[in-house]
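A short worksheet on the structure shown next.
In this document, chain identifiers A, B, C, D and E correspond to the written order of the chains, with residue numbering beginning at 1 in each.
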Amino acid sequence: NSLGSSKSSEASGPSKKDPTVIEYWYPNAETQGGKTVVELINKFNASQGKVVVKGVYNAGMYQGLMKNLQSAVAAGQSPALVQIGWSYREYFSNNFKYVEPQTIIDKYYPNDKNFLKEKYLSNILDLAVNNKGSQVGLPYSLSVPVLYLNMDILNKAGINPDDLKTWEAVAKASEKITQVTGKKGLYIAEAADTWNVQQMMESNGAKTLTNGKASFDSKEGIATYKFYQDLVKGGSALHIGIDQGQQAFVSGDVGMAHLTIGQRKNITQNSKFKAIAVPSPTFEGKELKVPAGGSLLAITADKAEEQKAAWEFEKFLYESDSVAAWTQGTGYLPETTDATNNKDLATLIEEDNMMGAAYSTLKNLISWAPFPGNSGLQAEQMLLDMRDRILGGGDVSTELKKTQDAINGLIK
Amino acid sequence: MKIEGRLSSVIWKWLFIVVVIIWIMPIIFALGTSFRTLQDVYNNVLAIFPTSLTFENYSQLYEQLPLFKIIMNNFTIATTVTILKLVTSFLAAYAFVYFSFNTKKPLYFILITTIFIPFTVTMVPNYLMLSKVGLTDNTLGVILPQIADAAGIFLLTQVMRSIPYSLIESAKLDEISNYRIMKDIVLPLIQPQMTSVGIWFFVNSWNEFVWPSLILKSKETYTLPLALQMYISSEGGTNFAVAMAVSVITMSIPLLLYLIFQKYIIGTFTSSGIK
Amino acid sequence: MANIRFENVRKLYGDHVIIDNLNFEIHSGERLVLLGPSGCGKSTILRMIAGLENVTEGHLYMRNERVNDIPPGKRNVGMVFQNYALYPHMTVKENITYGLKVKKVPTNEIEKRLDAAADFLQLKPYYDRKPSELSGGQRQRVALARSTVKNSDYFLLDEPLSNLDAQLRISARTALMDIHNQYKQTMVYVTHDQIEAMTFGTRIALLNKGVLQMLDTPENVYHRPANIFTAKFIGNPPANILENVEYTNGILQIGKQSIQLSDYWKNYVEKRDRNQLVLGIRPEHLQLSKTPIEGSIRAKVKHSENQGSNFAIHLDVEGVNAIAIEASNVFKDGEEVFVNITMDQIHFFDKETENNIGYPENIILKKSQLSNRRTNP
Amino acid sequence: MLVYFKKIQWKTILLLSPSIVILSLFVLWPTIYTLYLSFFDWNMIAPTKNFVGLANYTDVLTNPNTYKVLVNTFWYIVILLILNFVVPYIFAFVLHLLIRNFKNFFKSAFFLPSFISLVVGSILATWILNPISGPLARIAQSIGLSIPNWSQTQGLVIVVISLVVTWKVFGYNFITLYAAISGISNEVIEAAKLDNIPSWRILKDIVMPMSSSTGVYILIMTIVTGLQYVYSPVKVITQGGPDSASSNLIYQSYHLAFDIYSTGTSAAFSILTLGLFVLLLFLEFWFVERRVHYEN
Amino acid sequence: MANIRFENVRKLYGDHVIIDNLNFEIHSGERLVLLGPSGCGKSTILRMIAGLENVTEGHLYMRNERVNDIPPGKRNVGMVFQNYALYPHMTVKENITYGLKVKKVPTNEIEKRLDAAADFLQLKPYYDRKPSELSGGQRQRVALARSTVKNSDYFLLDEPLSNLDAQLRISARTALMDIHNQYKQTMVYVTHDQIEAMTFGTRIALLNKGVLQMLDTPENVYHRPANIFTAKFIGNPPANILENVEYTNGILQIGKQSIQLSDYWKNYVEKRDRNQLVLGIRPEHLQLSKTPIEGSIRAKVKHSENQGSNFAIHLDVEGVNAIAIEASNVFKDGEEVFVNITMDQIHFFDKETENNIGYPENIILKKSQLSNRRTNP
């Protein structure tokens, strides 16, 4: 990257002082707002002459980005600004050097003193605070799971979307869909994480973590997994990988799909049926909880110049127009309070049923199973394996107990 | 060959045709998909050929990426890797087969063992090494570790060992230099294997993804497999149609080269009777 | 001085002793024919001279220099391999000229040599064929042509004409002699064809199981075989060997019959003080008659073989097989005939050592009359 | 055989040095470094490495997952050997000796998928073999059948992933074996034909031994690179799931290193994997090599 | 009825016509020797019989059945390949027994046949060697052994003894005859060795450039050659051919000299109404004398060749080369000699067609006396 950056600094030659060149790493594929990222960078670079941002796309989502970051940092070449997936919050903050945004503000930008408080809801800002209380970065993309509905199928099966407020109702609807239409009733995303399951668990009163220890092996935890397992066993819910699952839903073979709001564009643009979304369901009599997906922006630059440049760029990204563009490009939720100042965004949230459904759950946001220390990634893998085993027919209580013990063994 | 032979050869021929169909179908599917809109792909899964032909996927690519530059990068890398691998493998194999020296066996064993070393072992140390000398985001940095592959040495050694030794003896009697023996005798005789392994090297380097994705950062240095990754995402969904357009571009270039030289390449596989 | 000298050469393949203590010299410019039964080590000797096979023990000299460690390319040796070793991917023409091209021999010189070789071997029509498109004999001729164009100091030929028809073989042989007369290379020639051996070689080396049996001119090898092996190996049909011949007082007892030995033989044998002997005589030196002649012995005709120009009459002489050669066949199978032995033409071998016991002086004189050496054509 | 080459060592050095230098630099050195790392608890970026002795090895060896992955690897090897070694051998033999027409067509057609990357192959497989809405599923549905949920089914997932790898590797193995088989002297095979030896015995007793030098190469490469190739489809399609059912040794060491950032255990895992492979290679040299026919 | 019949067989390799319209029958159980110059198509014919080479045009019958489309394995043919085609990865023993094992011949039967073959070919010591560890002749013997153990109906041998020494060749040939007498296979035998051809074949087929020249018993081929090609090809040295012989009134004009033809020839030739003739006579039918005899012609000795049992005297007869065979050599190079021609033994050929014009009746009688056929040993 040293070659690349020197090249771009030459390109912007005539200014008196060479502009500071910084790298910004992002994982957004073209289907996930990659184009918007490039537009925002270009816009920023054109707007001023002191900083040149070089965007670096990293394939393989947050995981791929982390892998590359790991190698780059080991080689002493970290970028200035990176998008870190929520699930990597603990691992990142424990192992990489970063600067808290407030530090930079205090040092170089006293005028921005209240920037954080003013821009974010506190529950959202807290998503980026690690277990040790450090503000690792600022929330950037926010995604929540919603329940997408294929209205063609639902109408045929005679199901009212307004009834789908609880998982119990969803389960009934799923069975009915299969009975009436012969199609699959429900698909709950099975990505390489247990995000969607966590939504169910927490909304059933189970706690993934209590006081830094795994605690999902509770009555509610078991009940939730049993519920999920029965859905799959019953045959109306689909048990399949994320790529094939979303393909099946967009192709019109599934009635309901519990997927990230990030899929909004994909679904609206490519499906032929009438697609709407409702907020993630909760369990009867329980409070709705939705774990936040998406990423935070962390500053990894260590030179003062670069830190400043990174902050300048970050500030630009949080301008309401930028956030609006970002939200529209990615399908994520706006993370800042003033984002709705942008008219387009405001109308979008108001008029787009899917966006609205997601937006309405912002207040229910919780953070994504922040297992402490370095064990987080391994714990996540264990949860994943457990999910596979349970959906494959394993005994719920034993599996939960086994996995919880194993994770707590790790944490200890 | 004759009557009975004919019967079984008919059965085999049909079996071959079935396999060929299975082998080719995905390619046709990819080709067809690349000319359809994503919506069309989702909703008419069975239609292999586009209901309405669109070049949208390709034009989208052309707009978003420095496509020509990327293809050139790919080409430079794959060609260099292939040539360097073939040359070094050939030289080493020749030494292993026709020279004798006391450390030959252990040395050969060690080199062959390197084939067994998974890329996970070498990836990070290589990255650290190359970034130290400033070869990240650089074509050379992509090329170098790819050359380190003993598979060619292995194959060519095995093949050279099946050349009748009397041919080499005959040349030795005429005081033909090793260089000429390589060029005039060994090389023509192992040409089929050189060709097949050469194509293999080229195609694999052409399609290499893991290593370049680690080392290449800017779109100007990208290769096609990296471009493909830009359309694959578990979060936002995969743009299958555009991904297939990238794939079609990616596969069509080596394929085109193959078709141009096909007569020559396949011809080398029919030269029977080395011995 | 392109000579070759073997000094105490031993050659092993693994544990197998192939050549055991070989000592002999091939003179510069001679045509030495290597003869011997299949598997006796002929090709191995050629390969050692060429440097393709290392000498396990002993010394090999060429040009009076020890060459054990000189690589093949440095010995200036041309060789026709027994299995041809043609380059399968080159055409006939390329096969023949490849070595010259690499040596940067001028093109017109290459063409000249190619044409000459292809001419006498009748290869012109096949210039552009690959070896796989040739018949066995054609391949052999290409191999021969390839080494003749080389004009090397040493020329080793391992059964170079074995797959050719008789007429082509004769003309090729004659051409090879012409080439030799022109360049005077040192030729070592392996053949199984006796006539070829007799007509081509200035000397013949006869080997058995890696041991040299006799090394002499064709005449001497034929007419004065050094041992039973040589007598039996040379000649077609081979010499008749009558073992268990008792000598007493000038009388040879052969089975139940006896013949009187001529005086000079009598004196000679008596001086050697032996009475257990082995008698050897060539088929053409047995005369058959239907009626007894003085000094002849009885035999029975077993069968006769038409060999084209003459007949081989297989006899039973006192229970031992013997063959006589007659120009025409007037004998019936099973008939009794009388065999007359020409005393001048017999050989006596020691029963133990199997070596020839030698000849009385006046036989040597007579034999030398026969061996009025042919000059080169 | 010739001995003269012994003296000209500098030529040997000249010919071997490019390969040795490159392999030492980019393969051997990293391996030694990895061996070194396997004794530490480290994640590559932390400022200090903790020496833990053999702890990483005991970790790996006591983890039941390791054995699961080992068993998977075994099945991958078995399936890949059948599909990418045995079958192409038979096909190459049949095409060379039993089929008279369209030879070049078949050669090209078998070879064709080799041009496509495994990533693309994997994406295609995900789509085409989607048990709900893939084209194959649609066809199956229309005749009242259904496609098993292979990506979530233990065992089956290994078979399908092996098939994806086969799709790519088959043609190369086929063409390489074909080249070897077509190099066998025709007359030797003719001699067998004259004796009315059945084709399969000609393959087994004559063609396989006489092409065995190339055969050994394909055999080993099928095992080694086959397992490495499995990485791509696993990464794209299943990420090792369900519950590691599709993982193998290579993927697992990748997973440990880059998903879990357990550099030390990954290093130990890789070293153990390597040890296993070297053992296989030794066995090969011991049992197979002596039966291989070499001209020299 | 294991016969073989070629009907209008043509064989092309690409554009090359190798065999053009071949018609002949090989009888069941006979030993047919195929003779012909190198590259004339002998191996091709064997390969067509074996089914290894397809017949481009025409019909090939075996057991009176058309076999053009029968695969080689179904023809029950054993074959010795010219270049052996041994299985390089099998030991000698495995090479010999492989076919039998696959056929599931009982083990003790296999052992018996193996032993018998290895015995007469002296292969026992090499059972466990690979072909690469054998000498050329040993390899050839393995190839021969491999096909003899097969006991097939047809037995094709392509120069099976070419790399063996004379003695071994004779014993192998005898053993092959024994085998043939026992099993009566139809044998087709290619050889370049004339004596082998004469002694082994019940009939000889002589080919040239894919065209059959003569197919007859060895005696007839030798003594009554059908055409100039046959006369020149058979015999070692070959028959002397004097072209440009003018016939007028019972006088043959040979260069500047003339001889009187015997009366029966005179009548015969005159009836045929020719005066441009080609005269053929075998070397052994020329008698040399130092002094002129009635009816002899002058010639000059060019050189003489020692052939072991006799001498080949190369002559210059009116500018044409001729060869005479004499038991001993009393002639000096350059000496003038007188050549006496035995009238019974001469052949006349048509100058255009090159065919033999035939023989007067009383010569036929005399010749038939010579051809007192050998019985089998």
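A few remarks follow.
Keep in mind that, in the parts below, contacts are C-beta pairs under 8 Å (C-beta built on N, C-alpha and C of every residue); 3 or more make two chains touch, one makes a residue touch a chain.
In this text, all values refer to a predicted model and were calculated from it rather than measured experimentally.
Chains touching both chain A and chain B: D.
Two chains share more touching C-beta pairs than any other pair, namely B-D. The chain with its Cα centre farthest from the Cα centre of chain E is A. Taking the mean of the C-alpha atoms as each chain's centre, chain A and chain C sit 94 Å apart. The distance from the centre of chain A to the centre of chain E, each centre being the mean of the chain's C-alpha atoms, comes to 93 Å. If you average the CA atoms of chain B and of chain C, the two centres end up 59 Å from each other. Here the CA centre of chain B is 15 Å from the CA centre of chain D. Within chain A, residues 67, 71, 74, 192, 243, 247, 251-252 each touch two or more of the remaining chains.
Shown for chain E are the residues that touch two or more other chains, namely 51, 71-72, 74, 83. Among all residues of chain D, those that touch two or more other chains are 1-3, 44, 127, 133-134, 185, 193, 258, 293, 295.
Of all the residues in chain A, the ones that touch chain D in their complex are 63, 66-67, 70-71, 73-74, 91, 95-96, 184, 192, 238-241, 243-244, 247-248, 251-254, 374, 377-378, 381, 384-385, 388-389, 391-392. Taken in their complex, chain A has these residues touching chain B: 1-4, 23, 28-35, 54, 56-61, 64, 67-68, 71-72, 74-77, 143, 191-192, 242-243, 246-247, 250-252, 260, 262-263, 265-266, 269-272, 293, 330-331. Per the touch definition, chain C reaches chain B in the complex via residues 50-52, 71-74, 77-79, 81, 83, 85, 87-89, 98-99, 102-103, 132, 150. Those residues of chain B that touch chain C in the complex are listed here as 164, 166-167, 169-177, 180, 184-185, 188-189, 271, 273-275. Residue ranges on chain D touching chain E, taken from their complex, read 185, 187-188, 190-198, 201, 205-206, 209-210, 212, 293, 295.
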